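The following pair of complexes shares a single chain, subunit A, combined with subunit B in the former and subunit C in the latter.
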Partner chain A sequence: MTDTLVESSAESAFLDLHKKLLEQGRSALAELQVTALSRFEELGFPHSKHEMYTFVNTKGLVATSFSLPDGSASVSEDFVASHIYPDCKDQCLVFIDGVFDRGLSRCEGVNSNLMPLSEADEEVKAYLSETAENENDVFASLSTAFCDEGLVFKVEANTQISGTVQILFVSTGNTAGSVMHTPRIVWQLGKLSEIKVIEKFVGTEGGYFINSVQDWLLAEGAGVSYTQVQMDSIGSWHFSKVRVYLNRNARFHSSNASSGNQLARHHYEVRLKEEGSEIRLNGVSVLDDKEQVHNFVRIHHEAPQCISHQHFKNIVNGHARSSFDGTVIVCQGAQLTSADQLVNNLMLSNDCHANNKPNLMIFADDVKCTHGVTVGQIDEGQWFYLQTRGLSAKAAKELLTRSFAKSIIETIEFPEVVEELNDTLLKKLEARND
Partner chain B sequence: MSTEQNSVSDILEDNTYKYGFTTDVESETFAKGLNEDVVRAISKKKEEPQFMLDFRLKAFAKWKTMKEPEWPNVHYPTIDFQNISYYSAPKQKKVLASLDEVDPEVMRTFEKLGIPLDEQKKLANVAVDAVFDSVSVATTHKKKLMEVGIIFCPMSEALKEYPELVEQYLGTVVPVGDNFYAALNSAVFTDGSFVYIPPDTISPMEISTYFRINTEETGQFERTLIICAENSYVSYLEGCTAPQFDTNQLHAAVVELVTMENAEIKYSTVQNWYAGDKETGKGGVFNFVTKRGKCQGDNSKISWTQVETGSAITWKYPSCILQGDNTVGEFYSVALTNGHMQADTGTKMIHLGKNTRSSIISKGISADYSSNSYRGQVKVGKNATNARNYSQCDSMLVGDKSSAHTFPYIETANSSVQIEHEASTSKISEEQLFYFESRGISRENAIEAVISGFCKEVFKQLPMEFAVEAQKLLTLKLEDSVG
Partner chain C sequence: MLEIKDLHASVEGNEILKGISLSIKKGEIHAVMGPNGSGKSTLAKILSGHPSYEVTGGEILFEGKNLLDLEAEERSLAGIFMGFQYPVEVPGVNNAEFLRMAFNARRVKADEEEMDPLDFDELLSEKMKMLKMENKYKERSLNDGFSGGEKKKNEILQMAILEPKLAILDETDSGLDIDALRIVAEGVNSLRNDNNALILITHYQRLLDYIKPDFVHVIHQGKIVKSGDKALALELESQGYDWVTT
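Up next, the complex of A and B:
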């Protein structure tokens, strides 16, 4: 990779900030921070033609000067309660400004599963330092470099976590200056274990940059259902990296619903390491005004007979931008792979942008791989048909737009999330439809 | 389709690169190396007008500031641009009055290649411009074309006879600093074909250029410029071969097409440069080509068809700039890689005008240790209302050491567009072949049938004789890779 720096001052601003962090005292993850920081220096911020950031303009973000969170943030219990899904009211882990807040969390049921990252077992520690050394995404390096403490959620072998676990990330903006939050969770799933997780990102006001990294390590036969709801404040930045390692017959089903903000980027890095593992990534975003959502996916099929599905849908309106950059890499020997990838974009205005780059890299011959992209607008014929049936032009358009997004939203297995998305995410469309 | 039964041994024998011979003609070659003096010398040698020298020097100055592109999915040792000779021509004493005066050795070369240069024979109704290393040696049917007003001549001749036309269009589609190899080409190109179709003219025959690299360690840098004026049509064919050398030769061509209102250019290529040794990957041509067409006038159309079966490395993206309203861009491609070949090829469709349409059909076949990438861009500008694109890129893998990649870039900034892209990957399986054989169809014919079915959409775009040749070429190249 050839990374030239946008402007060296952008990196040095973060390096200076990191010095301040060190002055505050030694963190339990100091060693990891140093590794990540040097990797950050090696990578540098992406230039405009960087292959991983083809469609994402990070200039505004990296030119912003950030300060360290001072820990003075206070979030009311009511605010937290209003964002907890009814099914998860006994199992909700709350992160305030990227830091796990035991006081606000309701973790009685899962207390024994939690462990601070600094006290993780050797296996996890070795994994962490290895990934920090080989990190390919500069923002993930930045996150690790500034992460003082994270959380390990461990599910023992043959255990099923009953009910659904919610993770609520609350970010408080700072009117004095922008703050970067760096939550980190490592999920360790034992053999044949299962868990269902809903994650929600909310903010009290703009002016923050949430830069999260999560690692999912699935042992043989483990199963995960994972839903992310991104509803940050408008004037914020949201970067997330999700790394998934799947061993034999493990499966990981993920859905992501994004309402966008001034720059949101989801990075998925998936390794299907052993035979029979399966990944499903779905995503939907509904964007208006100047909101942006960018999805970046890398799926490595490293073993034979693995399955991957991806389906992303974006609705863009106003001056919004969405992008999808996904690659399926079928390694040598990964025969009988089945991989599909589909991206649908619905463009509702003349000033919006929808960019797509669905890539396939195939090094094995006996595989079934497909990808497809569509970009279009409301089908005139369908619109007309609904109007002949007595629907008003507005109602017909709304129905068609809603049903476009619904096919993804309804794959989410938590009814309360589906309901919430119907109420909030799709409401955005109505406001505009005139 | 030919149904003649070749025995397996025949086919295997044929399977070697039959154009790998060299021709022993006395040639005049510049010393290796590249600097401003070389650029000036080329220009002087060709007795070019001043604007051409300025164009070259500007390109050379630009080239010096540029870096070789690293983004293509191909790997090769660094090219030493000082170790290449930038001019090589069969020695000629005087201007030729007719084909009879062309060096008989050169004529025999083209005969061996199956290119009918001899007008007496009038074998095919195709006008040919034959380019040998750096210069054009023969152009046929010129007179007949001139009768309807079509100019078809080597670029060097066009610079002397029609400098104002060349000056008006050269570099308008591919600017001198477009990319590293285009800049290099602009600085040192030696010859190529020039075609001008006047308004309201349908070319009475296919026009073609045949390229041949003969000298070791030379680069071939040709420049083709085709201008199709209002309401005109031309179909243009291009073929390429090179001898077998252990060293790599560089071929960095630039092709520019311009269509005015209601005009259409159909550009077909069968590229069969020497691909290097099949076992070791040694030698072969580096084919780094910039091809671009501009649909300048409304309702015009540019169609690219390519069959890529040779070259050690191919880096080539025939593109269309759909500038006029209602313009159409098409790209049909079959890229076959075997041995240690690497290909990174595809197209760019830039939609700027209203109601512009483009379609992309790309078929990649990779066998042995080769790597085959499709890289395509569909870009819709803000004013391209009702733009429409359909892309399909399919790959076929033969053997488990080969690889196939697709990198489509789809960028839209207009909501009234409709874009579809789809791709699939499959292989020629033992089962399919077994099924054919169980029905009494020989293995060779079975392979031919599968390949032919896979590539049909592209082959049907090719002119008849090219289609037959292309199909044979693919079957022969794949023969010992399957099964």
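Up next, the complex of A and C:
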């Protein structure tokens, strides 16, 4: 009962906050906000036994008193530049506190692809209101309810966006109180179009909650390469929902590298809607101290001959926590589905946690599906073997830890991201092992 | 070079070695033979510094220093190489990179400059050629998915790169077909000189046709029960271990 009381007051805190938002003036997305808000009320914050939040304790987050961003945030150009990958310096969209900042962005090359969400075409609008009504994740509803404006990135049919587009989300913490940022991007890919995207999340200091929602709508034969790098400030919360709709023969290849923070949760909702579509989700997280990363994946195979592949690896140290809750749903008629799901956890301390729930629901009879989870420590035999070749105990341990993460990091096709992850993500552990 | 004096050792409370003494000088090859479970591999593991084996008595001196004071990596850096009976698979660790790390660890220890990747690649290619190993083994993960014979060749490749003063080859011949055995033996022979020494631990005489030992020792129930020259191995082959153990 105590749970319910806490949660209901938490919900009303957000409802009050939303009233303040409305008082600030009518948003271009007001209708969508209202739909999302009522969905938020229906769903309510998760209690501790909620199916979608089994391993994620949101109590601290929902009990936090948030204020609306006051628009006073300023981020130096140098800070922004330091987080832009060299290959993307002419094609980078910068979001400050969840709001697209044209001044800091470099988008000359892709200007014609961008439009405000409120000016999206009817198809996208219909999609938005439908997903807002049927949203299954309360935090995604919350994000939409507070989102004043978003961005549509549209790639016309038969068009390949040259080079790589970077999206940089910078959150400025607020030491005085916590702020929620709600970036929203809808990616609309025409038939046989292609794009490569790197997304990076960083913060200037803690005390913020970045709650992003992204929608990827891929028409027939479209192809996406999508890399996410989560490097938020430690004292922040990070929730992201990535919804992917794939039509015939469309391909979506995604890699996520997460450094964790006090609570990071990635939710992937994927619908393989037509024959021959393919999704690849890879993820790696390296966690220390009290950092957390939780992955929640639902992949719906709705048509025959589709492929889904998931491979997540977590390195967990200190008092850190990771979790994976993933279900592949093979719908009736989705024959010749090929689906695999693998999660590997490397536990480096006695106090870390890794919770895993791999799951398959199959309603077709001619499919190939696999799933598996491993949880283990550094292999003593391997460790000793490396030491007999002259590597110190520390160097040998590092080599084994790095090699564990490597198989995921190396699937990232951008060398500058791979280099960065080798320099930052894996360095975290070296400091610890001293 | 190596002095083992009245060595006693146990694993999980069971005494396996019950007083082994052995003296090895530069340039010598010693074969240690014996039936299964006699303590041959335990001796190898003790020499390499395996943490599961406890020395309960006696001492081991390597070049005058107490070997038992050194950690596994210090022993390696001091010039001891252990060829594993069952080389460990390490997925994700690139074979060539690993070899370069091990090679450079030794150089750093000797206050020499690390070798750059291109020069090392040349050295590696040369050694692999000697062992008739295909280039693809550079790119593969260390021993990962290698056949038994490939793993053993990879051990000898590591030995060729590290050029140890003392190599202990623990049943390197088992699981090898005759062609692979010949290649491995040729590799080992080519690494021999007057300054290094070799301990061959084996169950079969066959290996000794290719690598000629100066001394043969037979271990039984944790003790050396007979020592001799190569003729001892031949005699063992014809008469079986019962001949020395009863």
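As a convention for this text, the second predicted complex is superposed on the first by the 427 of 434 C-alpha atoms of A that agree within 3 Å, B and C clash if a C-alpha of one lies under 4 Å from a C-alpha of the other, contacts with A are read in each partner's own complex, and residues count from 1 in each chain.
Keep this in mind: contacts are C-beta pairs under 8 Å (C-beta built on N, C-alpha and C of every residue); 3 or more make two chains touch, one makes a residue touch a chain.
Please read all numbers here as calculations on a predicted model, not as lab measurements.
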Aligned on subunit A, subunit B and subunit C: do they clash or fit?
-> fit
Which partner does A:Y226 reach: the first (subunit B), the second (subunit C), both, or neither?
-> neither
Any idea whether subunit B or subunit C touches more of subunit A?
-> B
Return first, second, both or neither, reflecting whether A:S407 touches subunit B, subunit C, both chains, or no partner chain.
-> second
Scan A:Q377 for contacts with subunit B and subunit C and give back first, second, both or neither.
-> first
Thinking of the overlay built on chain A, is A:Y245 touched by subunit B (first), by subunit C (second), by both, or by neither?
-> neither
With the two structures laid over each other on chain A, which partner does A:K357 touch: subunit B (first), subunit C (second), both, or neither?
-> first
Looking at the overlay, what does A:Y385 touch: subunit B (first), subunit C (second), both, or neither?
-> second
Between the C-alpha centres of subunit B and subunit C, what angle is found at the C-alpha centre of subunit A, to the nearest 10 degrees?
-> 70
Given the touch rule stated above, what does A:W216 touch, subunit B (first), subunit C (second), both, or neither?
-> neither
For the superposed model, what is the least distance in angstrom between any CA atom of subunit B and any CA atom of subunit C?
-> 16
Show which residues of subunit A both subunit B and subunit C reach, each in its own complex.
-> none
Within the complex, which stretch of subunit A touches subunit B?
-> 2, 51, 54-55, 332-333, 335, 345, 347-377
The answer for subunit A against subunit C in the complex is residues 379, 381-382, 384-393, 395-396, 399-400, 402-404, 406-407
Would you mind writing out the residues of subunit C in touch with subunit A in their complex?
-> 48-51, 71-73, 75-77, 81-82, 84, 87-93, 98, 101-102, 105-106, 109, 141, 158, 162
Inside the complex, what are the residues of subunit B that reach subunit A?
-> 70-71, 382, 395, 397-427, 429
